[in-house]
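In the two complexes that follow, chain A is the common piece, with chain B as its partner first and chain C second.
This part shows the complex of A and B:
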């Protein structure tokens, strides 16, 4: 009897720790694992609003790559990434270099550059809609003031995506800035003191000490921004709704419309899997490049 | 001091960065002054916003409308529930993963870490199907539950519990405290800084979440403020007027900015921490 009690006791000891993680794991399975599986299964079916489904294998994927709109949304998304990610990396670094000091003024400016990050996408687009409005927007008012011709940024194919990119940079510049600021704080002070003793110029110090010390952060910022900007959705949906002529329609908006406007859930799910794969590849490629550079 | 001499920022950079800050603020000020104008005056010419008379009529209309107040209430309920839920679940799981021995612990933790790499797009259709099957769309449960599964909090809390010296638990155990008591009375109070970071991050995340509430809450009375503001601006052409719309932007944006100014340190740390995982 003693033995069996001990047996029970040790089983309880072995498994009771599970009770602490079980509530979270339950939600993890229910809200992450199961939906992931459902999404993948759906991508192999064709169904409609009434839920009639048939297994179609990988037909949805074939259809996607034959769909000129889908090919275009991939290019649009890549274009948007190219417009925004280098700007985030360069501007974020410049701001961090300029604001990495302990003055009150620098603290105020840091707060300003990060402030827009806390706004929701809907408030951000509302603000920028009123900046970009063709006749009455702030941009038009300023253009009139200096005697220039106002531009209808959001309705021209050439300027719509850059306008969304500017909106996005305005919204998100705080994140790369604080990541770079944190990295700059980590650079050992004595390196700078040694450089000063050697009479190194400011440019030389930046190139030989600061930049090599924050290389890892540069890679991190680029990866994080690629992954974030691949997921462009709200800005494009709210500012242009993909127009003009599909030129600003990103992958996520395509998924949203296939899924919830046209109710082609299988088709939308397949597109979502492709986006998932693209994000994973982007992250892995960046890690690969950065590890190669370290080895060289 | 020599290091200060090297680190001093050139004057041109100071001027440049100040001007850039001006560009950051300008759109917000523009919206603010538009919100203080009567919509009919703006209809003719938005430059009238630069001169008086200004008015608070747009804000009075928002308060009188009632709809925006409902959205504000929904956002508050959803954000608070999600924040509380994430803190509770992540603290328990973080303690479990960091301190307790049970079969499969390491494998499970790695699986949870893989969850960090899954973007919302890959699961949102499946989630939508699940809640549709359970007929639970347009409920607070549907708005809150997906957010509770985010692995970031578990990751953060596990790291934080691991950093606490084991001697602290052992001393408490020697005094005869139970495992739950050690967790609840001894270790949890030590994690307050991490709780603050995670709590503020989750609150903002919930408040600003767009895609999931957009597809889950279709009933106008169940919208969150973020989605409600989107609904108003999509009817831009027949909107109640520019001034009213701008007042909504200020109404939705200003509280968040005020909270940001108060908790700036934690918010910046939380956002940077979530990105740097």
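This part shows the complex of A and C:
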């Protein structure tokens, strides 16, 4: 009898636990799983402005991989991710290390570096247009001042994507910085004191105390940035509109144009599925690698 | 040569003075305990010696060398922290080796020193574990081992036992005492627990509100407290402090208690005691319960605590003044009983209005 009571108790515990997560679970299903399923369904059809015309199976995917523009936007996007994600991780950490102080100056600089994050993409690209403008831009003025030839950053295939990357890093550096700052503040102060008494140099302290303590945050920052930067859109659209010669056209811009300019909804949906798969794979690979290293 | 010497040390945090002109000499090999209530500045004083805080005035010397401008790692001291401060991402072994590697000790030497410390503290079973996989007591032993392997000139302990349960605390206390006997290295130990101070110290430094109240052996601090603060801080149950009027009775002081009882002491008379506000200090063990008609003062038992080997009786004098007194372990006193108090005047203390202690016998 006791056993059956215990059985009832644990069943109740299980279900009451479910009750607590139910609201979130419901939202998760409604807002994420349902669109995902609908998107996948859509990617198997051909349609236009007026709706779905026919089921085409995986034909859209076949067309995508035969489309040289799509192949290029994939490479463009990967290039952009490689340019930005490591920079976010490293610069965010360096900024956090430099500004993790009690002084008034550090507080002001923290606020300044975070401020750009709250700007909209329109404002950010406007600012950077003024910097990158070929003749009167700030970069050109500086180049002239040191006697160098001004570069037309946004109209050269070699420099357009790096310019967008710099714009993006300037815009988004606040987020990794505050994540790292929060992590640094969690490191117990007496660890640093013990290390000081153990005669550890600053570099040794960074390597042996600080970095191991914020490893989880490093993984988090990299995964979050992978997810964010794979979805490059506004900056590319507003600064170069994908040019010159498609060299800065990212996947999301491709999806947007296929879906909302050419009304090939099925085709756009298929590209979106591929983007989703790429993000998922990249994030999971990063997680896998870092947790493997953790165990070793 | 002094092991550690502090002269005129002061420390302020902003406008708040935390240590005020403290001077102190600690002999080579001595075990000194900083004792004081929470917030009195004893950790700050220890951290000044360690180099974790910068002093505002004064000088600190270790083994005759001025160290107050040196970084902590160059002072040749080792510290055991209250919360252990073990490096969470390193194995126990790496925790012990970290400081040695930083100062360029050879791997052979490191291995040897770790082996010795491991044997002394019986931590061999978990050398390859991380601190997160250890119990509080095990962590504490590792923290002590980490200090020992450095073979420093000076050990600093900041309340290292306060996170342990009572049984483990008593055991670790004994082990620390043994460790000091073996190593004969100078040690400074911070605590607010007077039992730890009494049992471990060669000398106790009693600190209160930014300054040193008394420096002395445990027995001196107990028997001849320099101030009423020291008297009330050291000893359990607490000393009785009773406002009295003191008078000169043939060169010795006599104290008139609030209930009118006159207690003759063997304390040499001092005019400072004549001023208003003298205080009589009586340790509970010197106020014993006797039959109702015996002793110097009648009283009523109010609360009785039976501890086994002795009984603590809280007794009220005729005017209601409450005294903590002692009786034998097999005492039959009940709350409400009329009792007599046999007060040992030879063991009494008198404190002048400014708190200065006066005691029997030569100063």
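As a working rule, the second predicted complex is superposed on the first by the 255 of 296 C-alpha atoms of A that agree within 3 Å, B and C clash if a C-alpha of one lies under 4 Å from a C-alpha of the other, contacts with A are read in each partner's own complex, and residues count from 1 in each chain.
Criterion: contacts are C-beta pairs under 8 Å (C-beta built on N, C-alpha and C of every residue); 3 or more make two chains touch, one makes a residue touch a chain.
These numbers come from a predicted model, not from an experiment.
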Chain B versus chain C as contact partner of A:204, first or second or both or neither: second
Touching partner for A:169 - first (chain B), second (chain C), both, neither: neither
First, second, both or neither for A:160, with chain B first and chain C second: neither
First (chain B), second (chain C), both or neither touched by A:14: first
First (chain B), second (chain C), both or neither touched by A:213: second
Touched partner set for A:196, first chain B, second chain C, both or neither: both
First (chain B), second (chain C), both or neither touched by A:188: second
Partner touching more residues of chain A, whether chain B or chain C: B
Overlapping contact positions on chain A, where the chain C interface meets the chain B interface: 193, 195-197
In the complex, chain A residues that touch chain C: 188, 190-191, 193-201, 204, 208-209, 212-213
Chain A contact footprint on chain B (complex, rising order): 2-3, 5-10, 13-14, 16-18, 20-21, 24-28, 30-31, 34, 42, 45-47, 89-90, 92-93, 95-97, 100-103, 105, 108, 112, 115, 117-130, 145-146, 148-149, 151, 154, 179, 183, 204, 207-208, 210-211, 215, 225-227, 229-230, 233-234, 236, 242, 245-246, 248-249, 252-253, 256-257, 259-261, 264, 267-268, 271-272, 275-276
Interface residues, chain A side, partner chain B - complex: 14-21, 23-25, 27-28, 30-32, 34-39, 42, 94-95, 97-101, 105, 109, 111-123, 125-131, 133, 136-138, 141, 170, 173-175, 178-179, 182, 189, 192-193, 195-197, 202, 205, 220, 224, 227, 231, 233-234, 238, 252, 255-256, 259-260, 265, 268-269, 272-273, 275-276, 279-280, 283
Residues of chain C that touch chain A when the two form their complex: 50-52, 71-74, 77-79, 81, 83, 85-90, 98-99, 102-103, 150
